[in-house]
Amino acid sequence: ADKVTLQLKWVTQAQFAGYYVAKDKGFYEAEGLDVEIKPGGPDIAPEQVIAGGGADVIVDWMGGALAAREKGVPLVNIAQPFKKAGMQLVCPKDGPIKTEADFKGHTLGVWFFGNEYPFYAWMNKLGLKTDGGPDGVTVLKQSFDVQPLIQKQADCISVMTYNEYWQLIDAGYKPEELIVFNYSAMGNDLLEDGLYASEDKLKDPAFEDKMVRFVRASMKGWKYAVDNSDEAAGIVMDNGGQDENHQKRMMGEVAKLIDNADGKLDPATYARTAKALLDQKIITKEPTGAYTTAITDKAIK
Amino acid sequence: MDSFRDKLIPVTSILAGVMVVWYIMAVILNAPFQRDLDRRAGETPDVVEFIGKTMSQPKPTLPAPHQVAVNFFENTFLRKITSNRSLVYNAWVTLSSTLLGFAFGTALGIVIAVGIVHVATLDRSLMPWIIASQTIPILAVAPMIIVVLAAVGVTGLIPKALISTYLSFFPVAVGMVKGLRSPELTHLDLMYTYNASPSQTFWKLRVPASVPFLFTSMKVAVAASLVGAIVGELPTGAVAGIGAKLLAGAYYSQTIDIWSALVAGSVVAALLVMVVGIAGRIVDRAMGGRPA
Amino acid sequence: MSDLLSLSSIAPRSWQGFAALALLAGAFLLWPLVDVTPGYDVTTGVLIFFLLLLAIQFDHFPPVARAIFLFIGAHGAAWLLLAGITGNEGSARASFYLMLAAAWLLAWRCVTVLSALRPTSRWAATALRLIIPAIFGAWILIIWEAVTRGAGIPFILLPPPSAIGVRIANSLPVLAADVRQTIFKAVIFGYVVGSGAGFLAAIAADRVPFLRRGLLPIGNMVSALPIIGVAPIMVMWFGFDWQSKAAVVIIMTFFPMLVNTVAGLAASGHMERDLMRTYASSYWQTLFKLRLPAAAPFIFNALKINSTLALIGAIVAEFFGTPVVGMGFRISTEVGRMNIDMVWAEIAVAALAGSVFYGVVALFERAVTFWHPSVRGG
Amino acid sequence: MTGASPAVVSASKLGLTFQTSDGPVQALSNVDLTIGKGEFVSFIGPSGCGKTTLLRVIADLEKPTSGAISVNGMTPEQARESRAYGYVFQAAALYPWRTISRNVALPLEIMGLSKAEQAARIKRTLDLVNLSGFEQKYPWQLSGGMQQRASIARALAFDADLLLMDEPFGALDEIVRDHLNEQLLELWERTNKTICFVTHSIPEAVYLSTRIIVMSPRPGRVSDVIESTLPKQRPLDIRETPEFLAIAARVRDGLRAGHSYDD
Amino acid sequence: MTGASPAVVSASKLGLTFQTSDGPVQALSNVDLTIGKGEFVSFIGPSGCGKTTLLRVIADLEKPTSGAISVNGMTPEQARESRAYGYVFQAAALYPWRTISRNVALPLEIMGLSKAEQAARIKRTLDLVNLSGFEQKYPWQLSGGMQQRASIARALAFDADLLLMDEPFGALDEIVRDHLNEQLLELWERTNKTICFVTHSIPEAVYLSTRIIVMSPRPGRVSDVIESTLPKQRPLDIRETPEFLAIAARVRDGLRAGHSYDD
């Protein structure tokens, strides 16, 4: 079988259920692939891993991939399983912020490590400065949990619909006690989890074929995971996930982002993402050739 | 042994004091969130009930000692040792890369020290850079090291062990330079009057004279090595190990897990330092050391 | 000059010289240096050979002249090699590395010659003490530059030092703000408070034997713990700003100081303490006049250890949540943005700050413990 | 003479046993001793016989495990607290971070003397031991002999009536030693101090003392007490007189009696 | 006797200047010296006059900065490499991690002698210095005197024809010292070794030597050379004979002449 190494963006959890399901259910095997899934972590940059040859394909957000592309790692989006963004900003209802107009002068928690672009694009759109001055907002680099809100260190924090949001619920907040700013709902979403491979390698037809099979099997895995979310959560647990209930809920939420599991990239969201990055000077030139529909077209007939 | 008895009472009473302070702090630190919770739930518990609740939150700001103890006990003794949730298993994962890194680090430190003591060029050029190397924030470099090593096909235990090596070679190198230079001038002169060869002087004089220094610095090195292994586990995807437990705990705000992982780390650290200490004492005794 | 030309003196005088000559021959046979055209032009190539041969030849001269020519030859050649590879990244052939190795060997020879010099003037001795490690450090950078450029290592894995240098020069305001946040707020405060508290606790433990017997075993154990693990907890308790970083630094520096000071207070000799007894000196008199001065080497040892620990602690703590400034913040975000050169710029600044910090403590140590054999001796 | 003056040191049935990990070591056993005011008493005996230990008991640096001892009619502890004696250790024990003059100043600072008084005493005692001109040097810049003299100066600056000296001249060469012996005798005569002096050298003991106490080892006992019949005025060449040699021979015999070669 | 036998050590116009951070220190200046086979030469002089330095030059532990010196007709370096001498240091310098017998074995291991030969030599020399029974003890379990004897045994085990001894008995009490003096004399007589011996004690120098070299300090010079007229057979009580005392007086005068009190 052909070997494929997949580098995830984060630790093993239902966010990546499709790949684990595809592996466990033998979808990869059926395509003649032997796939190794490498979990990520807080300081693992998948772009670095693929640049160093440690992976054939990575799960990444478009922002990081375009930045890397400009730095000489020619990443190409070959599939986009997540159609919508899972990120949102939440504020407690009894706090000072009720609408976008209330942000001024308050402290907002944001994730960095490539996850900050949507937030800055949004603030840019609102015309708010982010340098901590009185007519802007104060930005905190938030840890990967919901403590800043519980400890009242921030007025609003970033959460993923499928993950940290539920930690807040666990911590005793009721959904009706929270104000939610969802990036997708606001039309501010940038592309999240997509599959990226190296442009150079894709020129090799054999590799391209391998990727077609990989994407086909992965999307089959995603479909299965969406349809059987409890079983998918169990598979994630078997592969090192933590806290089964949490994974089940996460699977449920992730399913909402997948849509119809065809992995096709939406050009409008792509354009928005590229523009946001340009506006923030994360990249300096309009990117070209940063995605291809060739793979998904062949994979999903 | 009677020094042990001398220490027993003070140590236990100070530990008891720490416990009391810990409980008080737990109540104080957990109180605001509990108040929020009660307010949202519309409850008004009395003081005793309230204190009881502050000490039984599932994700407290500061877990009470008994919460940590229970968690530690469950994860140490009630889980299958091969289970990913067993602290014994995770401690073993960390321990193995600690030991490997410690072995590398000690060897590297000794080699550097021998070089510095014997080669004038190294003596004069290397030392400032060895010190500078230790001021590099290792956690920042660790992920990159791991990625670069993965790029050349080195994965698993070795990358973590290399971070341990990086942290542990320093105390050994510094200690051994001191140790290999510790023979008194008359002892060196004596060797010279015998027309001893450099290797004879090295093995018969410098090496034995440096042994106490070696073990003292190995104690520091083994602790540094453990820190390295834990740091090295953070960016490897939090698969297994004490570092992974810490990270997973932080990721899900499972403070009790963090604390019991910390306790596990402490136990490992204490054991490692103790083992090195005992080895040192055995060697010292074998070399005719004078009992203290 | 005739001596230079006479055949008998063509042979190099050191093994480094021989090896360098052999490497040069190899490089000549495997010409050219890079895979691409135009690559190196002929004049540059000849100049590199000439410089290296010159360095090998001048090994026959008196030490100072020898060192100067070795220095010029080795570093001039290295400079030309690096200048040529820039723009031709990833195309280096074996001969490029052979030339580089030859230059490196000659630089080693240069350091060996310099190490053997015994200058009489104090000024020259100090200069030598600085030059020798500087050459060593320069070669770390030269080899790093040559390998990253020569092998064309992707920029986002490991940028060459020249790019890092450019980045430092272009980002001074950002770097300065980060240093202010991390070092001038968190590190200094935490270092002073942590070391101070450790010192006072040591005195208290010394005064109250019960405390000493109880605290020391605990302190010994705690100082071996992976304190880094408390960083997320401190962020949880003390908030995002520098206070939580300072708290981590305080915890990290407290125990080394405690343990060392207690050891130092026990370091004064029996006879010296008996002497104080014969004067019926009070506890505090003995402490200030005998035991603290005798403990100074230990206390400085702790201060030195703490100077590196403090920096690492603060930067690590910033990984778990910060305002959007600080060295740890910058390192972790810029990795995410693939600005690896900025990451290395921060690391370089951290290493520099740490070395300066260490150096300042070491200078203080020399001034205060001038009487200690380890300082007197050298 | 001894009986008439009031006892400065008086010990009876004094014993001291060290508890070591190898078992108890009896360092002193059954020592009876009375030293009167103005006496110069030397202690001599083989290495390890307990001379230093006895001096340390007098100085309250060790507690006897049996018997009784008084110093100036007080317990040793009270005597120490009233700063009744100066002590010169076997090694110089100078503080390396203090210059010579500040080393001599140390006990004076602790007693809380005025700066002027301190300066006067430092000058006087450093002159006495021939160290003027070295005030600003650090101990490691001096030879062993000079260091030892500085430590003697330090004890003298203290100016107590009782001086306990533990082989103060052990590290010095014979000529310097002779010179300091003369100086010490002169000082003793002039100030009427009481001096307890430990030495390994028979001529030194005989030359200096009014009484020589010979000790024997394991456990340390007083094996002989020899009263000197020499006059108070003692030029250096008194050491060639038959009277001197006779006393020296007695001391040597006493020493040899209690001696075994395997230490 | 001196002139007839071949010179073991011969120095002419020997000088040695140490370069220190405070400026040069002239430790030896213009030393002329010839030591014949089988002689027992003592060096005596005030502290810091260069006795140790002279011995170290002979042993090739220091290089002279002027003048010439030969040992057994070779340069000191060649002599050292041919293991021409045994050296006893001022301090015992035993290795604390080796037992007494393994300390004595050290030079023998380095020479590469067979185990059996080593054992035989160790036994013989430890017997000689009265340390049998202490073979398996570590240095710290022995008294200072016993340690010094062990270090002498180590030098003797080396069995070189020339013995350089730097105040070997300085740390011992008089009785043990007398005993070792006798033993050393006996050894010297029996083996016809050449011995260079540094001491601070005038009686010791006179008792042991065939020749006494008096040195004076700053810079170290030979200020007097005294040939002993005492017979080779010397019982201990020879020290009370007028002949002995006369030589001792001459040495003392020589010493005093070159002495200044401020070291």
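As written, the chain order gives the labels A, B, C, D and E, with residue 1 at the start of each chain.
Just so we're on the same page, contacts are C-beta pairs under 8 Å (C-beta built on N, C-alpha and C of every residue); 3 or more make two chains touch, one makes a residue touch a chain.
The model shown is predicted, which means the values in this text are computed figures rather than measured ones.
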- How short can a chain-to-chain path be from subunit B to subunit C, counted in steps between touching chains? 1
- Item | Shared interface partners, meaning chains that touch subunit A and subunit B | C
- Note on the structure: Those chains that touch subunit D and also touch subunit A are C
- Query: Using CA atom averages as chain centres, what separation in Å is found between subunit B and subunit E?
  - Reply: 53
- CA centroid of subunit C to CA centroid of subunit E, Å: 49
- Intercentroid distance (Cα basis), subunit E paired with subunit D, Å: 31
- How far is the middle of subunit A from the middle of subunit C, if each middle is the mean of its Cα atoms, in Å? 39
- Item | Numbers and ranges of subunit D residues touching at least 2 other chains | none
- Shared interface positions of subunit A, touching two or more other chains: 42-43, 45, 48, 51-52, 143, 147, 151
- Query: Got the subunit B residues that touch at least 2 other chains?
  - Reply: 61, 139, 143-144, 147-148, 151, 250
- Item | Touch relationships between chains, expressed as pairs | A-B, A-C, B-C, B-E, C-D, D-E
- Which residues, counting only subunit D, touch subunit C once they are in their complex? 56, 59-61, 80-83, 85-87, 89, 91, 93, 95-97, 106-107, 109-111, 138, 140, 158
- Touching subunit E in the complex, subunit D uses residues 45-48, 130-131, 133, 142-146, 172-176, 179, 200-202, 240, 245, 252, 255-256, 259, 261-263
- Message: Show me the residue ranges of subunit A that touch subunit C in the complex, using the header's touch definition.
- Response: 42-43, 45, 47-48, 51-52, 64, 67-68, 71-73, 112-116, 130, 132, 138-143, 147-148, 151, 153-154, 282
- Query: Along subunit C, where are the residues that touch subunit B in the complex?
  - Reply: 108, 111-112, 115-116, 129, 132-133, 135-137, 140, 157-158, 210-215, 217-218, 220-230, 232-233, 236-237, 308, 311-312, 315-316, 319-320, 327-328, 331-332, 335, 340, 343, 346-347, 350-351, 353-355, 357-358
- Task: Quick one: which bits of subunit A touch subunit B in the complex? Just the residue numbers, please.
- Result: 8, 11-12, 38-45, 48-49, 51-54, 143-147, 150-152, 167, 170-174, 177, 240, 242-243, 246
